[in-house]
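In what follows, chain A forms one complex with chain B and a second complex with chain C.
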Partner chain A sequence: MALIRNKKRHGLIALSLILPFLAIFALVFAYPLYEVIRLSFTDAPLIGEGNWIGLENYIRLFSDRLFYISIKNNAYFVVLTVIPTTMIAMVIALAVNRLSGRWQALALVLFFTPYVLPVSVVTQIWAWMLDFQFGVLQPVFAFFTGKPVPVFKNPYWVLPSIAVVTIWWTNGFNVLLILAGLRNIPTDLYEAASLDGATRRQLFARITWPLLWPVTALVLTLQLILQLKLFDQVYLLSEGGPFNSSYVLLLMVYREAFQLNHGGYAAAISLILFLLIAVVSVLQYQLLRIGKGKDT
Partner chain B sequence: MTTQRRIENIALTAITLIAGLIWIFPLYWAFVTSIRSETRVVADGAGLLPDEFNLSSYFDALFNTSLIHWYINSIGTSLIITVIVLITGMMCAYALSQMRFFGRKVLYGVVLASFMVPVQSLVVPQFVLMNDLGLINKWGGIILPQLVVPVVIIIYKQFFDAVPKELKEAVVLDGGSDYTLLFRVYLPLNWGITTALGIITFIMAWNSFLWPFLVITTEDMMTIPVGITQVNDAFGVAYARIMSVALLAAAPVVIAYLIFQKRVTEAVMISSGVKG
Partner chain C sequence: MHFRKIALATALSLSAAIGVATPAFAQQTVTWWDFLSGGDGVRMKALITQFNEEHPDIQIKGTTLEWGVPFYTKVRTSAAVGQGPDVMTYHLSRLPLGLSEGVLTPITDADLENAGLARDDFFAAAEKAAEGADGTLYAVPFDIHSIVLYYNASYLEGSRFLDDQGKLTGIESVADFEEAMQVAADNGSQTPLTYATGDDGGVYRVFYTLLSQQGGTLISDDGEILPGDSREKAVKAVETMTKWQSEGWQPEQALYEASVALFTSGKSAFQLNGVWEVPTMKDLAEAEQLGFDWGAVEVPKLMDTRTTWADSHAFAIPTQGKDEMDPEKRKAVMTVIGWMEKHAIAWAAAGHIPAYKPVAESTEFAEMEPNATYSSLADAATYDPRSEIAGVASPVYDSAINIISPAMHGYLSPEDAVEQMTSELQSRMR
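Moving on, here comes the complex of A and B:
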């Protein structure tokens, strides 16, 4: 009897511990997840009920030119950011890792500070640096192309420029992850290998690179997911333009839902974005695991 | 050999620091711009070095915008989000880690799975929900959808799992309940991770843009990241003032980061699971 009461009490305590999270989770996560699926089959406006229209939103979406432009731009942006930022972060982390105490701390501050800035501060600063008339970086463009370039109003430059801004802003985070990975590698491995006469290139290829691979894979995966969710920088710097050359999926969700009042259609796009991210991240995770198996 | 090594190290240090200074140049340039007069900013031949010390655009930024309101909104909502996320997260993680109850595995599966869901794809129904609850343009509307941070639970659980069983048994023998265990044993043992997760959650809440941007439409209720986008409309092309606003907006987190930089570095490393 006492045992049963105890068990019941144990259950109640457990319930009281998980309930706060569970209640919030149900309200602002699980319910909206169900709603986004349901709404995607209706023609609902942003606020208010719509009618069940089956797969119509999806049929419309797959014949919407803007949808394909967005996907293409999302993919292009991923290419422009994910591997470049990982490589840059690795070079910086390898360099920082070899500095001693105080200099290391200083270097980290210099490379990491942009990461703690709000996105709109970052975009304001870069909009000024790249200002067509007065931007401090325009002489650089003038040097290479012969004339200043209105980068955020130029279909060729807009996504690469936003990629540069994004890498500048978020790279410090990747540097820290890779640095943590480097610190996890036992130093006696290097000592032993050096005693055997390994060159520095061999040390990197045989010890650093393979042992760092789990962290590299983590950075690549996190970056891929993050960059697919691109919205803030594009909205603030180019609003998807010019001529939709920086239009991306999340911007499409925003436009459809909050400016054109197409809640149902926006829900369908959201769901596609969600599925895209889920599929791509699982695929990449698997691929990277295979890559690891081969290398080590 | 050793002298060669030393020269190499000095060279590497110098190169890295120069690269770092170039990296931080945009912030330096924003500062130089902010202490110039508007006419000087766009004047021909204005060099890269600070040549004026004109604080008028800072006064403009402080007194002719709603910056003070945005500070209060950002600090208030970010603090509340951080506290609630930590408390609900640690409680849930403790139950998942140390207690046996019906549905435990399912719950943990749900937490892990929700880690994969991009919250950005939920903004439409979340907005409808906040509208139904009457929370548009309210702190509550900013806060509520940002309270689900599954990674906090995942990290806490890992750390709670690693606490030696003997500690628990001693408290249980003394008749301590699970609440005593959580708040007197597990939590104090893991202050480091609590600080780390607190810092990360706070930075994320402070910097979040999309959601506050959607749920707030009146200027006085905006958070810093959303509010400062308004000054372009208010000032027009006035880069000294725009940079002053941007730097004032960035100042609290940057200063906090500079003071606690070791902890922040550790926090990023721990919360990504790279450093145990």
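Moving on, here comes the complex of A and C:
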């Protein structure tokens, strides 16, 4: 008897412990997600109810040229940022790791400061520095290309420029993650390898790189998710132009919902983006794990 | 029993007190939203203050929000739940989208009567732009604003483009205008023509004016983008603007403020910009900081007909969620609108042309320069196409910065630009 009652009580306690989480999860995640899915099958405006129109939004979306342009730009931006930012973060982390004490703290502060800034400040700083008429960086462009370049108005420069701004802004966090990973590698391994006569290159290739891989994979995945959600920088720096060469999916969601009052269509696009991010990031993480399966 | 008696007595005395007080002191607070900043904002705030001083029974509580998409998004969401303003400024070019969103209430003849106004008090084009498809009025036009051609007379001295009084003359075609720009360039004007070549509004207004002057249609009534030969006319408009760019007559990628500064600092001989910059010029001239004689005229007939892009600021009353506005309050709102219309001469000082004819035809306005010189444009103005994707901060504006501006700067041929613009705008239609 007592055992059964105890089991029951255990169950109740467990339930009461997870209930707050379940309630909040349902309220701020599950319910909105359900609403987005439902909305995406209607012609609802931004506020208020719409009519059920079945798959029409999706049919329209898959024949929308702008949708494919946006996906292509999203993909291009991912290529421009994810691996470069991880590599830069690794180089910085390795360098910072060799410093000690106050110097290390100072270097970390320097690299982390941009991450603290809000996006509007970041874009404002870079918009001024790269301003076509008065930007302090324009002489550099003039030196290399012969004339000033309106980077956010030029179809070839726009996404790479936004990528540079984004990497500058968010790199500090990746440095921190990789540094934490580096500190987790026991020093005995390096000592033992050194005694066996391993060179610096070998130390990195045989110890640091494989043992750091779980963190690297994490950084790559986090970056992939983050960069697919690109919106603020594009909205503030180029508004998707020139001729859509920086148009991305979230900008499309914003324009459809807030400018054109097409809530249902915007919901369909954001759902596709959600699925895209989910699938791609899970796929990438699994691939990275398989690739280095023996270490994880 | 006892309690009920007291309650009844209290209720009676209360209602008596209110009953007595209502006619004399019932003060209506009118919540007002606008998007007017800069010189416009200063003038509108002065008008509101004056109104509040003259009307102890009606007080306007004004809030200024950010122009463009933020303003209209806020209106839409707040009106849907009944938390919106009682009266707001509204661009007539934005009316079609407003109607499809269902945020505007009809302005009835009774409303107009309460304001002391009538429909034919307004310029026909503005009044028509304020109507829904069935002829119902949804807004009260306040002004007509357009782009005008500002000029710096010092660059044109001795040429055929100034008459004996030093006023601009002799521009009747693109060729004339280009000749005038060349004259200015030869006289040392760095960029003879300035407008915001790197901003949506600046590019769109010039493009739409050139298109309309050829009789082209941007969006037909049944929703076709650039129907018939309008496509070729659009190409010609973009070609013209591209030529001005490649000849170095207009600034490269100029943002709005920079484009204005080019003119005020005396580097440009001409400026194609909105009438709203008139106060800037007047103030600078008064402070003797300008250093040249300036004027502003209606955009000349450059193509086939005389017409200019125009839009109107108007007053509109949004829906109040599921509720109706209290009739007394609505009356107060209409009083506000009527008063504003009759005091529009103060608003005209911001460069605008009053939409209310009694003010626009008054001697006071006739003496107001340079407004009186260019007010003729009101009769020949072309409003934005009546479409949900046109108007202020719309996809049409976006396509100006997204497609036409890059084409002007040589990243896209005029034909490709018009092709892209057509297919893109067409895909935004529903």
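One rule holds for everything that comes next: the second predicted complex is superposed on the first by the 268 of 296 C-alpha atoms of A that agree within 3 Å, B and C clash if a C-alpha of one lies under 4 Å from a C-alpha of the other, contacts with A are read in each partner's own complex, and residues count from 1 in each chain.
One rule holds in what follows: a contact is a pair of C-beta atoms (placed from the backbone, for glycine too) under 8 Å apart; a residue touches a chain by one contact, two chains touch by 3 or more.
Everything numeric in this text was worked out from a predicted model, so none of it was measured.
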Which partner, chain B or chain C, touches more chain A residues: B
First, second, both or neither for A:F112, with chain B first and chain C second: first
Touching partner for A:W52 - first (chain B), second (chain C), both, neither: neither
Which superposed partner A:F231 touches (first chain B, second chain C, both, neither): first
Which superposed partner A:D64 touches (first chain B, second chain C, both, neither): second
Touched partner set for A:F258, first chain B, second chain C, both or neither: both
Which of chain B and chain C A:F25 touches, first, second, both or neither: first
On chain A, the residue positions that both chain B and chain C contact, one per complex: 46-47, 133, 258
Chain B to chain A touching residues, read off their complex: 9, 12-13, 15-17, 19-21, 23-24, 26-27, 29-30, 33, 41-42, 48, 84, 87-89, 91-92, 94-96, 99-102, 104, 107, 110, 114, 116-129, 131, 144-145, 147-148, 153, 177-179, 182, 203, 206-207, 209-210, 214, 224-226, 228-229, 232, 239, 242-243, 245-247, 249-250, 253-254, 257-258, 261-262, 264-265, 268-269, 272-275
Chain C - residues contacting chain A, complex: 69, 73, 76-77, 80-81, 97, 100-101, 198, 252-254, 258, 388-389, 393-395, 398, 401-403, 405-406, 409, 411-412, 417, 420, 423-424, 427-428, 430
Interfacial residue positions of chain A with respect to chain B in the complex: 10-11, 13-15, 17-18, 20-22, 24-25, 27-29, 31-33, 35-36, 39, 46-47, 92, 95-96, 98-100, 103, 105-114, 116-121, 124-126, 128-129, 131, 133-134, 136, 168, 173, 176-177, 179-181, 183-184, 215, 218, 222, 225, 228-229, 231-232, 236, 250, 253-254, 257-258, 263, 266-267, 270-271, 273-274, 277-278, 281
Touching residues (chain side chain A, partner chain C) in the complex: 45-48, 64-66, 132-133, 150, 153-155, 239-244, 255, 258-262
